[in-house]
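Some structures are shown below for you to check.
Both complexes shown next keep subunit A, but they swap its partner, so subunit B is in the first and subunit C is in the second.
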Partner chain A sequence: MTSLDYLLIALRVAFAAFVPLCFIAVCVWMERRGAGFFQDRSGPNRAAIFGFRAAGLVQNLADAAKLIFKEDVISGHIKHKFIFVLAPVIVFFAALVSFAVVPFADTLVLGGRSYIMQGVPVDLGILWFLALAGFAVYGIILAGWSSTNKYGILGGLRSAAQVISYEIPMALAVIGVLIVYGTVNLNEMAQFQGQLLFGFIPMWGAVLQPLGMVIFIVAAFAETNRTPFDLAEGESEIVAGFHVEYSAMKFAVFFMGEYVALFVSSAIIVTLFFGGYQVPFLATATLIDNARPVAFLLLLLLPVAMYFFAGWIRRNNVSHYPRENDPRAFEAKVYIRGLWGLVVVIELALLAILFFASPGGPAAHIFAALLQVCTFLVKVTLMLFVYVWVRWTLPRFRYDQLQKLGWQILLPLALLNIFVTSAVVVILS
Partner chain B sequence: MFAEWLFTAFALLSILGAIGLILFRHPMHGAMSLVVTMVSLAGLYALLSARLIFVLQLIVYAGAIMSLILFIIMFLNIQTRDLPEEKGRILYLLGGIVLLVPVASFLIKVVKSLPATEATIVGSGFGGVKEVGLVLFQDWLLPFEIVSLLLLVALIGAVVLAGKRRFVK
Partner chain C sequence: MSARVKTIARRGASLQERLYLIEICKGMATSFGHFFRNLLDNSRLAVRHYPEVPPEIPVRWRGRHRLTNHPDGTMKCVACFMCQTNCPAHCITIEAGERLDGRAEKMPRRFQIDLLECIYCGYCVEACPLDAIRMDTGIYSVNGTRRDAFLLDLTALQAGQGAFPEDDYQKGGA
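And now, the complex of A and B:
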C-alpha cells in the first residue's frame, strides 16, 4: 500500500459519500425551478445573501436553516419511539449505501496498478442495488406503523405494497439486461457499452434493450415513490402519508433520503441503459490514446460555450422593471466573471495536458477519468431532469390502476422481454 | 485479525437477534430482531467469501420475506393485547434451558475435540455469481430443476387457495 493507494481509496469513498449528498441540493433546486418552468412561473428565486441568489440555490440554505431550528416534536401517542426515530435513518442510509457499487469512471491505471472507481470494491453490482432497494421499504413501513396514525398507516401500506409489487418487474427487466451484458458487475456493463454497434451507434442498453429500459424506468419511478406513483404521500388524500407525524430534522432526513434515492436510481438507470460513465463514441482506450486531440477540442469549445452561456445569463438575470443601478445586472456581472475565471483555470489545465501528456501516460489516464466523471454527472443530471419533468407533467395514478399496471402490463412485458432477448442472444452467438 | 473481530460481532448479533425474536412480546419488535439475525447471517456468508449467497440472503430473506412479514403485522395491526396470555413463560424458559445444557456441553466437547487443521484461503473466483451459476447449471441441474418445480407447485397452490373464496360466494 503506497500513499497513492490510500489517496485514491479516500477519494473514491469521499466521492461515493459526498456526491449524492451534494446532489440533494441540486435535486431540490431543479425540482422547484423545474416546477416553476413547467407551470409557467419563476419558482423560488428571492432568497439571497448580499443580493446573490445563485439562481435560487440560496433558497436551499434558508430551508436547511428552517428545518434545523424547528421544534422536533414526538407526539405523546407514539409508543415505539425507538422505531419511530430509526425509520428515517433506515430510509436515508439504504439510499446512500446503494450508490457504493456504481462506477463513476473506468478503472484507473496508474504506474501499473489499477484502481476501481466506485465506493466499495465489490463486484455484486446490480444485485447490491436490488438488495438495498428492499431495505428502504422497511423505513417506510416502520415510519407508517410507529406513527400510530391512520394516515401514516395508510401511507405505509400503500407504499409497501407498491414497492413490493414493482420490485418484480424491475428485477425481471434487469434479467434481460444481464443476458445481454453477461455480467452483474456495473463497471463491466459500462465497459461493454463503450463498444459501437455497426461501427457508428453507441452500444448502449437503451439501444439493445429498449423494452427493458422502459420497464426499468417505470419501476424505478415507483420504487422512489415519485409522481405518478406517489400514492404513499398523496397530499390530497392522506395528507403526507407515512411521514405525517414527522417534524423538523426527522422529516428532513426523509426528504433528503428521497432525493438521494432519486440520485442513485438515476445513476443506476444511466449505468444500465445510457452507457454509464462512457463518453459517447469515445471508449476508455480511445480516450486515453487520443487525450491530446480531445483536450484540444475542449480547449476550443469551452470558451465558445461559455460566451453563449454568459450572454444567456446577462439577458435573463435582470429586473423586470426599470431600476437605477440594477442590482441584478451587477449580480450577473459577478457570476459571469466568476465563471470566466473557472473557464480560464480549466483551459490552463487543458493546455498543460496538450503540451505535457504523452499518449497512454498517467496524465492521459487521469484526464480520461476526470472526463468520464464529468460525463457521468451530466448524464445523471439529465436523468434527474426527466424525473422532475415527469413529476410535474403526469397526474397521480389511482391505486387500482397502479397495481394493474404493475402486475398485468409490466410483469408480462418483462417476461416477454426475457424470452425475446434470450432467443436473440442464442441465435446471434 | 479484523475478520475475526467481524466474525465475533456478526455471530453475537445473530444470536442476540434470535433471542430477541423469542423474548420480545410485541410482534413488530420480534420481526425487527429477526431482521438483525438475517443481516448478520449475510455478514457471516460474506466473511466466508460466498458473495452470491451473501447478496441473495439480503435480497430474499432480509429484504423480501421480512418486509412481507412486517407488512402483514402492520396490515393486521397486531398489538400486544391481541396476543394470547402466556402463563408460566418463565418456567418453560427455565425448563428449556435445563434440557439444553447437556446438549450444548456435548456440542462444545465435540467442537473442542476436532483436530486442528490448516485453513487455506480459497481462490478469488470462489462464491461469485458466475462460479455458483456454472456449478448449479452443470453439476446440479436436475436437483435444481426439481426444486424449482416444487416451488412452482407451491406458488400455484397458494394462488388457487387464495382465489378459491371468490368461487364459493
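And now, the complex of A and C:
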C-alpha cells in the first residue's frame, strides 16, 4: 500500500464519519429557520459571535453549549441504568454507521488503481442500510422501556410498531429498485443512473420507479420518525415519548441521532432514486473526458451566481427598523467579501484545471470526484429540505391511520410495483 | 329569533382527496409559497423585532402600577384597603398611618406590591374609590436578578409616571 492509498482511506472514512455530524448543524439550522420562514416568522437569528450571526448558525453553538453544561439527571426510579445510557448510543451509532455504504463519488481511478468512495468497502449496499435502520429502533425501544415511565414505554411501543410496519413496504419498494438495477451495491446503482433514457432523460430511479419512489420516501419518513409519522414523540398525548426521561447530553445524543438518521435516509433516497452523486446529464466518463469544458462553464457561472447571491445577502441581512450605522449591513459586507474571496479561490482552481488538466488525466479524475461530492451534498441538502418542508406542512397521523396506510395501502402498492416492474423488465430483456 | 344554521360541505370524500398525495402537494405548494416569499425578502416576515422595536401599548393596557398624586403633589391614597381587600393574588400590603397634610385622616405609611405575586388583573384599579392607583405606566417588562427587586414600595410606586395623556386615559382607561 502506498501513502496515497492510506491518504484516500483516511479521507473517505473521515468523510463518512464527519460529514453526517456536520450536517446535524445544517439540519437543525434548516429546520428552525425553515420553520420560521414557512410560518412567516424569522426563526433564531440573534445568537452572534462578535456580531456575526452566520444567518442563525451560531444558534447551534449556543444550543450545544447549553446542552453540554446542563445537569445530566438519571432519576432514582430507573433500575437498568446501563440500558438507559446505552439506548441513545445505539440510536446515534446505528444512524452514523448506516452512512458507511453510501457512495459520495464514483470510484476514483488514480495511477491505475481504483479507490472506492464510501466509508466502508463492503458490497452489502442497501441491505446494510435496511439492517441498521431496523437496528436503530432497538435504541428507541430500550430507551422507552428502561425509562420506567408510561409515556416513555408508549412512545417506544409506538415507534417499534411503526418501524416494523413500514420496514415491509420499504423493503418491498427496494426490491423493485433491485430488479431494475440488478445489484444491491449502491455505487453500481449510482453508476447505472448515470445513463440517459432515450438519450435525453437522466435514467434516475425517480423516472424508472416512480411508484417505488413514493412508497420508499413515505416509508423513510416513517422510519426516521418524522412528521407526519412522529407518533413516537407525540408531545400532545405522550409528552415526548421515548426520550421523556432523558436530559442534557443524553437527550442531545438522541437528537443528533435523529438528524444523522435524517441525513442518511436522505442520502439513501438520493442514491436510489435521484442519481446519487451523478451530475445530471454528465456521467462519470463524460465528466472526466470533458473536464475542461465543464470547468470553463463553472468558471463562467460561479461569479454570476455569486453576484445574485451577494445582492440577496445585501438586501436581506439588514435591520428592518431604523438603526444608526446598522451593524447588520457591515456584517453583510463582510460575508460578501468573504464569499467573493472563496469564489476567487475556486476560480483559480478551475483555471488551473482549465490549463493543466489533460482529458482523462489524474487532475480530471480528481475534478470529477470533487464535482460529484458537491452534487451529492447538494442533492442530499435538497432532500433534507423536503423533510423540513413536509414537517411544517402536514399534521400528524392518528395511530390507526398510520397502521392502515402502512398495511392496507403501501404494502399492496409495493407488491403491485414489484409485479409490474418484473413484468416490464422481463418483456424488455 | 331563529338560529341561523350554516351547513358546511363535508370534504375529503372525493377520489382526488382520498388519493391524499394530490392534496399533500397542494398543501406543500401553499407552504412553499410562504417560505419562498420570506426567503426572497425577509422584511415581509410578520414579526416584531422585539427588544429594539417596542410593542404598541394601548391606553387600556394594564402595565406596572403607580400611585397617583393630587396636583399639589400630595398622595391621593387614603389607605382605605379597598385594593388590598380586592386583590385576588394578595400581592398588596398596606400599613395605614395618620395623615398630617389635612387632605384626609389616613395615608399609607407602607404600600407594597409584590410583582411576583401580581397577576395584573386590574381589580385594584377598579376598586379604588379615589383613582389613587393606576396601571397606566406602560411598563410591560419588569425584570430583576433578586426577589427584592420585584417588591415595589411607596416611593417607587409614587415615582411612576403615566404613559398616556390624561384625556385619553379618562376616555379609554380601565
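Note that the second predicted complex is superposed on the first by the 429 of 429 C-alpha atoms of A that agree within 3 Å, B and C clash if a C-alpha of one lies under 4 Å from a C-alpha of the other, contacts with A are read in each partner's own complex, and residues count from 1 in each chain.
Going forward, a contact is a pair of C-beta atoms (placed from the backbone, for glycine too) under 8 Å apart; a residue touches a chain by one contact, two chains touch by 3 or more.
None of these values were measured; they are calculated from a predicted model.
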Overlay on subunit A: subunit C relative to subunit B, clash or fit: fit
Which superposed partner A:Leu157 touches (first subunit B, second subunit C, both, neither): first
Contacts of A:Val390 with subunit B and subunit C, given as first, second, both or neither: second
Which of subunit B and subunit C A:Tyr321 touches, first, second, both or neither: second
Partner chain in contact with A:His77 - subunit B first, subunit C second, else both or neither: neither
Between subunit B and subunit C, more extensive residue contact with subunit A: B
Which of subunit B and subunit C A:Trp145 touches, first, second, both or neither: first
Superposition-derived minimum Cα distance between subunit C and subunit B (Å): 28
Touching residues on subunit A, where the partner in the complex is subunit B: 80, 83, 122-124, 127-128, 130-135, 137-138, 141-142, 144-145, 153, 156-157, 160-161, 164, 167, 184
Touch list for subunit A against partner subunit C, complex: 34, 36-42, 214, 312, 315-316, 319-321, 323, 389-390, 392-394
Subunit C to subunit A touching residues, read off their complex: 21, 24, 27-28, 30-32, 34-35, 38-47, 49, 52-53
Subunit A-touching residues of subunit B, taken from the complex the two chains share: 26, 28-29, 32, 35, 51-52, 54-56, 58-59, 62-64, 66-68, 70-71, 73-75, 77, 128-129
